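First chain A sits with chain B, and in the next complex the same chain sits with chain C.
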Partner chain A sequence: MRRGIWIYIGGRLLQSLLVLWIITTILFFLFRQAPGSPLAAYIDTTFTEEQQQALIARFGLDKPMHIQYLTYLGNLIQGDFGDSFRYRAPVTEQIMDVLPNTLYLTLTSLFIAYIIGVVGGVFLASRRGTTVEKGGIIFTLMTRAAPQFWVGMILLAIFAFELRWLPSSGTSSPGVIYRSEIQKLTSIDFWEHMLLPTFTLALFLHGLPLLLMRSNMLEVLDQDYITMGRLAGYSERFLMLRVAARNALLPIVTALALGIGYSIGGNVIIENVFAWPGLGRMLVSAVAGSDYPLAQGAFFIIAVIIVLLNFLADVLYSVLDPRVGSSSQAQGV
Partner chain B sequence: MQHEIKVNEITGITDAKVLSGGSLLTNFLRTNAEVFKRDRLALTGLIILVFFALIAIFAPVIAPRGPFEVIEADGFWLSNEKPSTDYLLGTTNLGRDIFSQLIYGSRVALLVGFSAALAVAVIGTIVGLIAGFYGGWVDTILMRLADVAFGIPFLPFIIVLVAFLTPSIWIIVLAMAMLLWRDTSRVIRSQVLVVKEQAFVSAGKVSGASNLRIIFLYIAPSILPLSALYGSLAIGWAILTEASVSFLGFSDPDVVSWGFMLQDAFNSQALSRGAYYWIIPPGLAIMLTVMSGFFISRGYEEVLFPRLRKH
Partner chain C sequence: MQNKRHLKISFLVILVVLLGMSLASPAAAQVPVQEPGQPVVPITLLSDVQAADPIEFETTRLLAENMRQLGFEVEHLAQPRDVYLNFVWFNRMDWQMTAWRMVGRPERIDPDEFTFNLFHSSTAESGFNFVGYNNPEYDAIAEAQRVELDVNARRDLIFQAQEIIAEDVPYVFIAHPSLPQLVRTDIWDASTIVDQQGIGLENFWTWTGLTPLGDQRTIIAPAPSNLNAINPLFISGGDDSRITELVWDRLMRIGPDGLPQPWAAEEVTREDDLNVLVRIREGMTWHDGEPVTVEDVKFSFEAPQTGESPMYEPFVSNIADIQIVDDQTVRFVLKEPSATFEIATLSKLNLIPKHIWEPLIEELLTSEDNAESIQEDIPIGSGPYRIVDFDLTEQIILEANPDHFSPPKADGLVLRIIPNAESQLGQIQTGEINFLRNFQGDSEVLVELAESDPNIELFSSPSLGFRFFAFNERVDPFDDPALRRAIAYITPREPIINNIFKGFAVPADSFVSTAIEFWHNPNLPQYEFDFDRAREILAEAGYTWDENGRLIAPPE
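On to the complex of A and B.
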């Protein structure tokens, strides 16, 4: 590969690490603002003053702020987020337990959303100027404007409560226990639980790739080489699908990488409506229950995923589009 | 070389293109008039917004009851009443009038929507102007800050902030202002890079105008429509965000918003009772106001990026 691109990727990586460090620092000071003593969950009212002091010392809270900050950074780098107040167990364990659920839901929804989005975008572009196109755009904007939790609630009311076709919450029916992730993924029960949250999320997510694909298509179809192709006698169908759609796809790939990051951060809503035991639901219940180590850990992991995928999106874009990322090449070096 | 992916969430426009020339504030006003005259969707959006604004202003006159007023009949709470001529949308399980709550909810939505949009547009525009105009290390620092804002998980950040400070809609607005300026500033910055090369800016420099004068009197007017575009998008995001935060239970318990109503319905088994008269209206109201913001921003785009209008 070109040398310029490696320099670009390296620089971008350093930038991402810098961004992550700043976010971590913000997180440290943000959680200092948490109401009450950070040990409120541990300190019982019956504790003596000395016992309380001993606890504070054990958690290093008697040290000066900058020492606490450095300890915090050191622990984070080792993947140690401390112990959850509520579960009295390492935060890392709790996060690893629920992370797969979030990934299954997000990735499945994104996959469906992007397929529908790309196909729908090409379709709308091929119907440009018609009522079908206008209607399609308005419908798509509706799906992006409707609150996800509201769509979820209506679907729950209809399919889970009125028709009783689908379960209303969680990942498994009462009494069903998955012994492994493989067993979970191969069980019909799990997919029945997945159906409504996936549909709700995909309905919201499909709008971006659809509108993006449509406008890219229209832009590509405007290019001279398409006109040339027409003059050369290629069929409209060939030009549409083989030439235009292919060229219009590039920004979609980047949008997908960005989308994964942001959807994981935004899954908070869907996971809470469907009581889906994932990262977002855990974060909300941790914040509501003043379980600060857990909330901080979940927040940090979500931020890492977002920064990582922002980085990947940029790299992907620079690899796929040779015009980007190597100014030296543009100068003919 | 810094490469930025600028993806407009709504229309999928991937790049800000050169705006048609002119630098006076009157151009901005003319553009606004053009947006609503030319684009039927934008006009529809404006009408919806004005409609909800009127409801918000005259809420005490329109709503038959207070949003938290408990209706009693024969000494009992009139809970879970079905819609009737007395209670247009029925009552909640604590015997409150759903229709009145819906009317009052418009106040929070519009207040949050407009103030967050204004904050996002102002901060994003100023950061974009300064970064684009000065370049160099000022630009680097500001754009790295934008990267940080892009890396912070949006909803989790707002939830944590609201939970740690006193719950109020202003905290939500503040949190949104702290993060959402990032999109606006990037687009404005790249636009400033183009505009500052134009003749009228050089003319200003030669005639000895100060930097601030050039930024705010020469460059700013020609990028204002772009700020308006991002501001109108932010209306929608702000309303959706407030609704989400309220739905998750982190809102001010003394203020009725549409998100709060839906949370109330969700927690009161309105779903299993099939109380659609309680579930549908608040969500529909959110969707309409958010859509109106989207429609208006599309209108700006059609005027600002005429290439797309042909299609």
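On to the complex of A and C.
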């Protein structure tokens, strides 16, 4: 049994590495499929032929494709993503500069969204068949369906431009720059700037856990052991919170892990609306500007995070639910 | 189970993406060859897609329709900008006609770059003469204006060059877009705003002369995307240059009238064709307190000659030697006479402190990197503003340098990165920003805003840049100037400017903007919209029409 879990984990780890290698390879060749010279955007019109060649050589673009690929893989294993065409600086530096902002925004939003989602899901399940439930579901579906930029702009128009309670863009007021992440996190100014984007994102994200939790609850409440519990005289409140909610929580763990992964790179819209300096915005400008090293690096980091969280979710699941992971049992033999 | 599904899904995604990529690549269709006496070959007219650039798309659609009426068979092929730009640029034999634009940059105030690079035959193979224009008479004039030191004689040459281009029509000029800009005139004194010809309000002279009316003494302006670097040896982007030109002084500056004037130089004298004597101001200091010396000046022009600053290298390549004459004077010895030395070199190079950059450059000489990869923590210049702090993805904070010989009237300047145009619009109303330019949305929104808000004023000034249609003169049928001239006559400039540009443009008739009064030739042929004239020109050149109205090429 215990050994089974380790074999399972080892297998999953190998698979994750394989997936990462495939992604890296695709990224590498995909960007080189784009028409034109990759450096065209960065070669000034006043350059002489010699200078153009020097620039091309500097980024290793004069070598054959397979050599470039092997060099790229070799550097990647050592944690070196190369230099950005546009910023002429290491990709790692560029990404590390904005990654914290993305993490603060997404993790806070997810945290809020999942608390609201889980509590709301249990609440709606307990009000099954009432107008409250119907209203709640309609509201949730609306937040899920409304375009993020639209919600963001409406919130901006109300709270930033009309009421003028909150700042509208960036992570700091004009003239304020945080010298460290700690200084940033302990500054009230930063949290004021966080409020609107976090709220917009949480509003969008809370729908999934809420609807998932509600339907899981309803499913669990139909189980025989709940009926048994009722007959045995346990209170409805006890059955709801202690028994049903616990069991319904399991799929939420997977959803959360995947949710974190997908929102790391998926906040382009919110980052643009609120001028939030994050990874999504950097990614889009890197792709638009044919800055391959930067785009590849950013995509790779996002892929690592998604694959890693996927892996963690599977492992966590196998711990939470022992039936997963022991393959003979999982297949029901 | 789940894992396998993930694998399968990712492979599927890869497949779809690769398939999409292969479909999206532009078709490298061969340009058809014209047979004499046969219908004129079908034309593929390239432009950007409607969503990305509605102005270009609509203008192209209009012209394509008019060309059809004249008897051409035209396909308007709209593609994403990168795609058709790259295609035209790198496949010089494979396209026929395209919409295009040149953007205005401060250094383009001098007509040399456009005059030489756009049409000189030496740049046809891989340079800016992508249309393949080849005219020995023009080449001679373009070369002569480079070495003509008498400014009026040079102007005559530039006028002649414009006339030849207007006659030969390698381009159909459409318009110089105007730059609508909003300013909070309750915070800043509108009379201290300088409209630099062809550049607009947001320029060096405005940033240094702008005078506050009340308590807010720091200018807050937006930039639409992240800055790339703040580096005096790297031309890294338009918004980046807005910062570098304030932090680093130059020996000369391009004035509001478009002509160079002494700045850190007290006086610039031409001793003869090859020797330029420069006397620098006394008492200048770097932001770290060190004095600015002639050694620093000499070093600033020598550093790019090491090859470590490739973007500035072309501007110093004509310098043979720099001699220190005395404590305040240096002499530039040129390799060849150059009319543009003041504007292209003395007004261009940033003065950099030798005590900071000399060790850096030395280190770079033995490394693969060049000066473009260097980012100082707090960059040191000697300019009217100095850097307090910056985050390239968020904001750049400058404060006035009180020790400067021309200190700014404002206390500071903050450039905020705000990618969302709608948000910029909201922020100028709340006063979070004081300026707004390069608005990507409908210009009429700005007009309405300025009309409804007494604190906001709208300014509009024509740009140096221009939009045009380009003909590939290497291939059929546009190697025939008559055909190009006829198309110039059926380009409806006025409706395009009124309806498509919503009035935010002025008609263009040359590669020199009408905004640059000194260099623009006012007597060029105008090609007023005239369908009959277009038919006449074609008929004179031997073209005929068949019974379906199709244009037939002249017989042998």
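Couple of notes before you dig in:
Simple rule for what comes next: the second predicted complex is superposed on the first by the 306 of 333 C-alpha atoms of A that agree within 3 Å, B and C clash if a C-alpha of one lies under 4 Å from a C-alpha of the other, contacts with A are read in each partner's own complex, and residues count from 1 in each chain.
Methods note: contacts are C-beta pairs under 8 Å (C-beta built on N, C-alpha and C of every residue); 3 or more make two chains touch, one makes a residue touch a chain.
Given the structure is predicted, the values throughout are model-derived calculations rather than measurements.
Three-chain overlay on chain A, with chain B and chain C in a clash. In the superposed model, A:I22 lies in contact with both chain B and chain C. Shared-chain residue A:A275: touches chain C; no touch with chain B.
Legend: residue contacts after superposition of the two complexes on their common chain; A:Y234 is shown touching neither chain B nor chain C. In the overlay built on the shared chain, the residue A:L211 is in contact with chain B alone; chain C does not reach it. In the superposition on chain A, contact of A:L55 is made with chain C only, not with chain B. In the superposed pair of complexes, A:P174 makes contact with chain C only, with no contact to chain B.
By the document's definition of touching, of the two partners only chain C reaches A:D83; chain B does not.
In the superposed model, more residues of chain A are touched by B than by the other of chain B and chain C. Of the two partner chains, both chain B and chain C are touched by A:L156. Contacts of A:A145 after superposition on the shared chain: chain B is touched, whereas chain C is not.
The clash between chain C and chain B in the overlaid arrangement falls on one stretch of those listed (382-390, 418-426 or 490-498), that is 418-426.
Chain A uses residues 15, 19, 22-23, 26, 30, 33-35, 153, 156-157, 160-161, 168, 272-273, 310, 314 to touch chain B in one structure and chain C in the other. Listing the residues of chain C that touch chain A in their complex gives 2-3, 6-7, 10, 14, 17-18, 21, 25-26, 82-83, 85-87, 89-90, 117, 126-128, 218, 220, 225-226, 228-229, 234-236, 307, 310-311, 313-315, 368-370, 372-373, 375, 388-391, 393-395, 397, 412, 414, 416-420, 422-423, 426-427, 429-430, 432. On the chain B side of its complex with chain A, the touching residues are 1, 3, 5, 7, 9-14, 41, 144, 147-148, 150-157, 159-161, 163-165, 236, 240, 243-244, 247-250, 259, 262, 265-266, 270-272, 274, 276, 279-280, 282-283, 286-288, 290-291, 294-295, 307-308, 311.
Contact residues on chain A toward chain B in their complex (touch as defined above): 8, 15, 18-20, 22-23, 26, 30-31, 33-35, 128-129, 138, 141-142, 144-151, 153-154, 156-157, 160-162, 168, 208, 211-216, 218-219, 222, 251, 254-255, 258, 262, 265-266, 268-269, 272-273, 280, 283-284, 287-288, 295, 298-299, 302-303, 306-307, 310, 313-314, 317-318, 324-327. On the chain A side of its complex with chain C, the touching residues are 12, 15, 19, 22-23, 26, 30, 33-37, 40, 44-49, 51, 54-55, 58, 83, 86-89, 97-98, 153, 156-157, 160-161, 164, 167-172, 174-175, 177, 272-275, 277, 281-282, 285, 290, 310, 314.
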